[in-house]
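This report refers to the structure that appears directly beneath it.
Chain nomenclature is as follows: A, B and C, assigned in order of appearance, with residue numbering initiated at 1 for each chain independently.
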Amino acid sequence: MKGRTPAAAPAYIVLTLLSVIMLFPFLWMLLSSFKDATQIYEMTLFPANPTMDNFVSLFLSRSSRFPQWFLNSAIVGVATTVSVLFFDSLIGYVLAKFRFPGRRIIFLLIISTLMIPTEMLVIPWYALARALKWVNSYWGIMFPGMISAFGVFLMRQFMGTMPDDLIDAARVDGKGELRIFFAVVLPLAAPALAILAIFNFIGNWNAFLWPLIAVAKPRMFTIPVGLANFSGEAGSNWQAIMTGATVSMLPLVVVFLVFQKQIVKGIAMTGLKG
Amino acid sequence: MKRTRIGISLCMALFLGGAIAGQAADVTITYWQYFYQSKVDLMNDLIQQFEARNPGIKVEQVTFPYESYQQKVAAAVPAGEGPDVINLYYGWLPLWVKSGYIQALPDFNFSSRYLAKTFYPFVAQSVSFGGKNYSVPTAVRTLALIYNKKLFRDAGLDPNAPPRTLDELLTDARRLSKYDTQGNLVQAGLLMQPSGQGHVWIREVLFRQFGATPYSADGRTVTYNSQAGIQAFQWYTDRITKDKVGYPNFSTDDPTAFTAQKAAMNIDGSFRIATLNAVKNLEWGAAELPTYKGIKSNFASFWTNAIVNGVTGAKLDAAVKFLTFLTSPEVQEQWLQKVGELPATPSLSDKFKNDPVISVFLKGLAYAHATSYVDEAGQRAILDDAVDEVNLKKADPAAVLKAAAVKEQKLIDDFWK
Amino acid sequence: MTLAARRAATAYAFLGIPLLFFVGVRLGPMLYMIAMSFTDWGLLRKTLHVVGIANYEAILADPVFLKSLLNTAKYAVFGAPAVIVLSLGIAILLDRLPRGKGVYRLIYVLPYITPLVAVAWVWRWMFQSPPLGIINAAFVSVGLRAHEFLNSPTQALPSILAVNVWVELGYCTIVFLAGMQTIPSSITEAARIDGASGRQLLRWITLPLLRPVIILLAVLEGIQFLRIFTQVYNMSFQALGGPLDSTKSAALYIYQKAFTNFDMGVAASASLVLFVIILAVTLVQLKLFDRKLTY
């Protein structure tokens, strides 16, 4: 047998070294959250006297708004995800399974909105939110994210590959269209829904630009906006920043570990056509 | 009999009506200030005291991060979503008055004579526009040289003899600076942070000490672009480029560096007192700003309270009462104790003449100047960038200062157009 | 009503709210922005006037805007290729592993799913100058000189760029890996039997077949870097895009014009310029690389 598969050993070495670069910042962040106000400025990797002070002050101190921010991020993340799951799958289903005039144009219209950068839209969104008094409310943070064009694309692709027989059978049985959607289509789309849900939640949890603009009152901040506020006129509270950053990652790490397969599959799906 | 019954019914009706009307007369006013822990905590206390004394008035405090405070106000007030009483930096007064955000205070409660009698001269001057007064402060602030006593001792300097002249400052700063094996600064002898208080140290202190006046009397002309001004500016930048006793953003920013005890000295404001006292294991002291050629100067500024435009009727009355309360002697004293900012009424300072830290700041007030800003953030950025140009791009200080003067003059001219 | 008509009616009924959403939240605002870019719309002004192309003239004459465009170009021109080349390399290496692919994949994708703000602040903390920064501490301990990183007008942009590359690596690696897995093994086997070396395999089989993936990632990452905002905001002092505007991206400029100066009209014109640039770069890339692959 001529020709050889390249050796794996050098690959392992390079990849492991790279892993160190990928993981080190997280390690540093995690360890820093156990250092108090004096230790944080010392140049050691591990804290000499690890302490839970930062976590206590972040969560239990009367003046800390962090728990509120955590709640805000959770509410926004869950609400938008539920909305996206419902609407994107409905739109994807209609565009994939229904034949009607204008179907193509509508799909292209929706996809074309992907080209418009958010940076451009935040200004009119802000004007809209001000006019309708949505500033400093959950709705104000959430409204641009209630339906996702990318999710529509994903769902349409997926539903396009779904067999029609179950749907047709339900129609023959005389079931209403909406009922068919909930009883037949959604269950079949579960794998795609899972991916959409995970990515949407992660995206919303991490969002920065629009929440930064949409809320002025510290009580309504989401975690990313709150984190950015730990540095200011009174100096930079590094131990709070590192601790806040660590905590902000925890839900995502959990989601990540539980749904690894879906996350990897979801990323792969975006890169390949259908 | 019948008349008595009618009489009793009438009385009850009046009584009930009065009670209901009294309930309806519960006025709520909103107060905005920027978020600084000690201020927020004290304000909550003060509000309780005020409400106890003024049943029927409720005050709601809302705070915003300092960085975005002005933006939030600029967005909310014109839209009618602003507060009733608002706290602002005195340097923003020209812009806010011009944009119509705040209204003139009633002459009955806050006449010019009252202001001149009650507050420092630079306060009375800064709050008056077109013959009307727009705002009153609880506290004022000045600069001092703050220093780390432990680091002084470690360097062999007497912690009770901080530098008194610029030359002594320089010598001490050199001695207090520490470097690692490669020559990187690891302990700053003197923090150099223009975006902190550095720019006002240059603006109202160094310029004057070297013989230049920063602005004309009416504040509309930039006059620091002179030989003396250049020397002052260069004195500042030389400490960064030649002596390397500190540089902008060393250890993130100057409060962080000082509280982390990576810096021996800093020029900072009295508002930092409470924060520094709260840091564990930090032994610090304050000294009057170093003199030069025998000239003393200081920069005074203040956060002040105003009433938002459009507030009328019962809310206006409540707002005036709240303002009067906020600027009363007892509140000023509480403010000094809990926040560390100096009373805006000169006579109240007498009690604190012997406090080692507060007395230092108080002395500075006697010879302090307050810049008449038109755009504090913009003017600060100009000097800040100027220092960066010299430090990061090795530009010539004289040329940089000239360019900065031109930029600032344009900013001021555009405002008054 | 015919069946087809009834179907169409149902479809439109279901699509009603979503379409309203897309028009109201995406398309409408964009048209609004285009219109507003020709006015002096500002939150501090009480009146509105049409000013023609005055805003565009103003920003094109503003050295800060031009600098931000240059910075944005640098981010994209250096960042996107870097991510693609590095992640392709990683994917190739990963593909060789008989075991452990999954673990590495997960490690590399961790930065991608982390809040960008958290990532930005951790790196900002690590980039600090002595005595606080760990990277410089490591440099000094091995005898290298300390670097100013985010404090230097020449090093700050590359530092932020490197962090963004670090973030995007995992995503691109996974996409490449998935792409490589779609290459039929029959082709690779045949090539090996014919005596092709690893390098030849790469050059003549793998890369050409991965071409659509490379193009897709080039477009996606290009757009990503052109829009860079969060890292610049959180890694520059007081979110100013300094030192001396050396890291300011076009998106940050737009944000400052809109939400610090409240000059919405000017911000609108700047955002339109950015949008046109993104559109142009995307279309050019697609056109340039759109050659049919036959074999």
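The rule is short, and it goes like this: contacts are C-beta pairs under 8 Å (C-beta built on N, C-alpha and C of every residue); 3 or more make two chains touch, one makes a residue touch a chain.
These numbers were taken from a predicted model, which means no experiment stands behind them.
*Asks:* If we define chain centres by averaging CA atoms, which chain lands farthest from chain A? Would you check?
*Replies:* Comparing chain centres, B lies farthest from chain A.
*Asks:* Per the definition at the top, count C-beta pairs in contact and tell me whether A-C or A-B has more.
*Replies:* So, comparing the two chain pairs, more contacts are at A-C.
*Asks:* Suppose each chain is reduced to the average of its Cα coordinates; what separation in Å results between chain A and chain B?
*Replies:* Taking the average C-alpha coordinate of chain A and of chain B, the gap between them is 41 Å.
*Asks:* Give, as an integer number of Å, the spacing between the C-alpha centres of chain C and chain A.
*Replies:* The mean C-alpha positions of chain A and chain C differ by 17 Å.
*Asks:* At which residue positions does chain C touch at least two other chains?
*Replies:* Expected reply: 131-132, 239, 259.
*Asks:* If a residue has to touch 2 or more other chains to count, which residues of chain A qualify?
*Replies:* Those would be 41, 238.
*Asks:* Which residues of chain B are in contact with two or more other chains?
*Replies:* Each of 67, 75, 251-253, 260, 262 in chain B touches at least two other chains.
*Asks:* In their shared complex, at which residues does chain C touch chain B?
*Replies:* 43-44, 46, 128-132, 136, 140, 145-146, 151-153, 237-240, 242-244, 259-260, 262
*Asks:* With touch defined as at the start, can you tell me which chain A residues reach chain B in the complex?
*Replies:* 37-38, 40-41, 63, 130, 133, 135, 216-218, 229, 231-236, 238
*Asks:* Applying the document's contact rule, which stretches of chain B touch chain A when the two form their complex?
*Replies:* Where chain B meets chain A, its residues are 34-37, 40-41, 62-68, 72, 75-76, 79, 81, 251-256, 259-262, 275, 279-281.
*Asks:* Which bits of chain C are touching chain A when the two form their complex?
*Replies:* Residues 4, 7-8, 10-12, 14-15, 17-19, 21-22, 25-30, 32-33, 36, 90, 93-94, 96-98, 100, 102, 104-111, 113-119, 121-123, 125-126, 131-132, 134, 137, 166, 169-171, 174-179, 182, 191-198, 212-213, 216-217, 223, 227, 229-230, 233-234, 239, 251, 254-255, 258-259, 264, 267-268, 271-272, 274-275, 278-279, 282 of chain C touch chain A in their complex.
*Asks:* Would you tell me which residues of chain B are touching chain C in their complex?
*Replies:* Chain B residues touching chain C: 67, 71, 74-75, 78, 99, 180-182, 184-187, 195, 247-253, 260, 262, 381, 385, 388-389, 392-393.
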